[in-house]
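The structure follows.
Letters A, B and C mark the chains in the order given here, with residues in each chain numbered from 1 onward.
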Amino acid sequence: MDKTKLKDLIDSIDFTAAGKQMYQLIAELYPICRSITGNGVRQTLSKIKSVVPLEVKEVPSGTQVFDWEVPNEWSIQDAWVKNSKGDKIIDFKKSNLHVLNYSLPIKKKVSLKELKKHIYTLPDHPDWIPYRTSYYQKNWGFCTSYKQFLELNDEYYNVFIDSTLKEGSLTFGEFYLKGSKSEEVLISTHICHPSLCNDNLSGIVLSAMLGKHLSNVSLKYSYRFLFIPGTIGSITWLSLNAKSASRIKHGLVVACVGDSGNFTYKKTRQGSAEIDKAVRHALQNSQNDFNIIDFFPYGYDERQYCSPGFNLPVGCLMRTPHGEYPEYHTSADNLEFVKPENLAASLSLYLDVLYILEENKKHISQNPMCEPQLGRRGLYEHIGGHADSKKLQFALLWTLNLSDGHHRLLDISERSGLDFNLISDAADILVEKGLIKEHKTRS
Amino acid sequence: MDKTKLKDLIDSIDFTAAGKQMYQLIAELYPICRSITGNGVRQTLSKIKSVVPLEVKEVPSGTQVFDWEVPNEWSIQDAWVKNSKGDKIIDFKKSNLHVLNYSLPIKKKVSLKELKKHIYTLPDHPDWIPYRTSYYQKNWGFCTSYKQFLELNDEYYNVFIDSTLKEGSLTFGEFYLKGSKSEEVLISTHICHPSLCNDNLSGIVLSAMLGKHLSNVSLKYSYRFLFIPGTIGSITWLSLNAKSASRIKHGLVVACVGDSGNFTYKKTRQGSAEIDKAVRHALQNSQNDFNIIDFFPYGYDERQYCSPGFNLPVGCLMRTPHGEYPEYHTSADNLEFVKPENLAASLSLYLDVLYILEENKKHISQNPMCEPQLGRRGLYEHIGGHADSKKLQFALLWTLNLSDGHHRLLDISERSGLDFNLISDAADILVEKGLIKEHKTRS
Amino acid sequence: MDKTKLKDLIDSIDFTAAGKQMYQLIAELYPICRSITGNGVRQTLSKIKSVVPLEVKEVPSGTQVFDWEVPNEWSIQDAWVKNSKGDKIIDFKKSNLHVLNYSLPIKKKVSLKELKKHIYTLPDHPDWIPYRTSYYQKNWGFCTSYKQFLELNDEYYNVFIDSTLKEGSLTFGEFYLKGSKSEEVLISTHICHPSLCNDNLSGIVLSAMLGKHLSNVSLKYSYRFLFIPGTIGSITWLSLNAKSASRIKHGLVVACVGDSGNFTYKKTRQGSAEIDKAVRHALQNSQNDFNIIDFFPYGYDERQYCSPGFNLPVGCLMRTPHGEYPEYHTSADNLEFVKPENLAASLSLYLDVLYILEENKKHISQNPMCEPQLGRRGLYEHIGGHADSKKLQFALLWTLNLSDGHHRLLDISERSGLDFNLISDAADILVEKGLIKEHKTRS
């Protein structure tokens, strides 16, 4: 019945294989046309369910969620534009980005002039199709490459969008993993984008894989994974769970974790929460360049979790941030833009962060007056057996010295300049020898 | 009955014209021989009265003001030195700097040797006359250029100073502008220097012009303008108003604002008072180089306002600080040393600071749980209509996110990196839409 | 009956002579074979007694001191290794470093192979003998140069160590100097190292000389000088004095003060205690390069004083820190490695630090509302008579301005950027004139 320890799990994962698995799952989810509601979301959640046993929840259209209302549900079967010869020159079946997301149904013959009013392009990247939405303003439209747009002849076109926008529900997935404490770690990812790989199939598959792995592990915190449409999804969830949201002690929004850029961590609104320190430490240990940026109230769902009435300690851990790579929200955010090895390294970093959170204990020295005699307790043997015995000796002394009720292991790691793992090892040894005792706070 | 808003006033001022007006007033005040008491002060205040309806106050000689006593009143009609041929070689009528300020009366034939003991010069600047005073040590003397000093022949001289030093009073001007709160902004300037333009006719005319302009405006704070002799004037005022001085919530000492140097702000003793932040923000926005220096207990009247028993949040906003330009306290601090355009830019900066103080409100979000839906309230129209719509959108989100009772608009501006005006605009829009509400504290 | 003031003492010391005296004392103590217990310690304390009237204390073997036990007492008369020809090739009489400190007695014929297991060398410095100990693991051994080690022939050797390890006591010296307050300054130095000059005969003689000089001075604080074996000595003292240890308000561990390196100050665990500020100020004033390093829980006895149950404000003021010079713990830490002038400069620095602690008073302005009139009190005469009159004037103004009950003289010195001595002089003048009054806290 004994579950693995998180550390052993991390050591046992074949990250190369995990990267390939995540990439494969992206490839399967890529063709689905997702939006903030509708069947695309349901199909997506159903696929994720094969990885992690999430619960699918439906919230009826019209439900009041704080200042917002759950919108009508959008579904789409087909859409195209035909020229006067009857050739399908724009075809939803080829790329679901071709349709303005949340387009109303239409079947109409239009002039080139009228058609152009409903076509969105990217003149700076003439080969790419942009991704555009119109959730709260009723409209219809198509997105094409700028190149194709320039080649349109002055003739009449038949436009056809076979969509529905009607009462239904907003769908999201929730996966709850009970730990020994009721205090929670939130992992939140948005699932509303259609065929875009980095933003945010990468986030979806990383969250799923994380949930799968953690299921096999003995955990201190409880973990809540949310697979939700952006903005309206987090608002809906917070509205339904306003009272219990304070159980969230640490949180991360997962997005854009498959590209090849350096990691970027956007801090919580609080700015120096434990999650902020844990991510910084994990990044410093990763020995790659990284950026840590301050909170700002736009971006992904952290803007809702960090609204002043909640002010939850939720940060956002990405590679290249939204809007800062040209492929962002275009057809170029495709299966070539994300890489298995990037996904694997992202998963590894997330696990390192969670490991720190899980192990970031506070201890009280049982021997606070002067140092205890280490030799008498055979602690030098421990030291001798360790790869870097000098460092472990320092770690033991630091941990003894700072186990005063004011420092967690991560604080000790930061003050000593020693790696968190080493400090954590030292603490385990000292607990075993009865020299320090974990200081547990109620949960 | 409705008064202009400060912002509209600032937008409406013709600063080029205002600079010329201030310069003209300096030119009129320049010939008057001022000191810490006497008719020169009265004439000066009388001229300022034509700009701003100040009240002239007289405090009798001998009045105890804390550790000090109001000194006897000094007046001077004429003074000269004649050589043996009877030529006036030094003539008070040509420059009032020629007389040691507060000189006792004298009429005497003296040898060159004796005369030299009473002559003050500037060997480093042989063409300039220094400005010297002897308020609290009884003495007489003349100031000349070093050049003239070297040319003095070894002969007898007739010296004549037609001054009086006797019981009278210390004169100062006070202009009080009632705002909607009884909390005050103090604008204090020293009026005791004779023919010196930058130090401090520039401060006098800027304060007068500021008072004049603010008179037409609807204000939150009450404003108190003091035109006082340096040191003894502020001590006298504080002594007479010791109990009510705590109404001063922000203050600035105005001096040396007409030269061509960069702005220098000397912080309050408190070091991070609201006025310190407001000045810093205004300076950063001015897009010129500037210096911010820490408080030190010498300089102008801020040393009295910031004495430990008062510790008022009063800073000093100058261009080049006292003593840091060679023309300081010499005849070279003349009408050529100050420029209309410098005065104008200084006035503009002072108004920017006061605008920030007036508008630096605190709000409470009426919708703190998640973001409110901006689109539904037509807020995107506002955004569309604004010069920099992206920035206004950010300003709206920042203001919503930080309107939690802990942040004033200036704090929001600093944390977001967005200009105060933009944040203030955003707050006005959000108040109008009912999304935030001003949090008023008692006054 | 009036004792000298510390300042006058400092001014009167001939530091060149003091340096030579300390060096001479090192030379006398050098041949003695010290350890953590035994007669070497007693002989050493007896010599120091000729400088400073310390009390010698004996704590019986087996006494429980927190987590430790006072060990058996070790004494040694002689030790050697003879080759098959009967030549003494290693001889304790030539250098007491040749014997592993705390070696058990032995008299045995051994093969080269066995001998080598008990020989310690320094391959990186083939001419030097290392210093090694085995206090808590029973063992015997010799230390030689690596050069000699390589020259050993494959033959049989006679090894002889005439030592005893039996019940006795741990010996330490304590010198208490009563000041006007019961609050204490601790000066602690370790006396357990045999023929090693910098570590720590330099610390011993500096402490002794400091004690001698302070005996003639009128002091505010009481001073406690400890001459103790490292680790077990401070643990023993703290165990015996656990309740009164909180009287220690400032402390320094004295070690490695005779070499030619720059000063290094290791801060207290608290990190910004008054002693930390005082040492920093004294170092800044010394106009030599120096290092200030953060506390870490290894090093000298500060690790015991700064254990979490005590957390006393005790730092460590050295020249080159332990382990950071190659001569450390080798026969090269000899009489050539330390210099009289280095010892003299260290003594001078320690006195500067203590001067700051003694004089770091807090005052309350008796005239907090505006500045008092300095001229009327003849304070300008004081200014005129001072070497740097402008700076003294600033010092007077700063001290008046910050004598508000929140700033000690060292705080005023730091905020003003003026030297502590100048601020202290200014405070003396202002006290004399009745303008400020010392704010004494209970002791």
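Some points to look at:
The rule we apply is simple: contacts are C-beta pairs under 8 Å (C-beta built on N, C-alpha and C of every residue); 3 or more make two chains touch, one makes a residue touch a chain.
Please read these numbers as outputs of a predicted model, since none were measured by experiment.
Of all chains in the assembly, those touching chain B and also chain C are A. Two copies of one sequence, chain A and chain B, touch each other mainly through non-matching residues, since under half of the numbers at the interface are common to both. Chain A and chain B, compared by their mean Cα positions, are separated by 55 Å. Counting partners per residue, chain B has no residue that reaches two or more other chains. Of all the residues in chain C, the ones that touch chain A in their complex are 65-68, 136-137, 231, 234-235, 238-239, 242, 269, 296-298, 303-304, 306-311. The touching residues of chain C, when paired with chain B in their complex, are 365, 367-373, 375-376, 393-394, 397-398, 400-404, 416.
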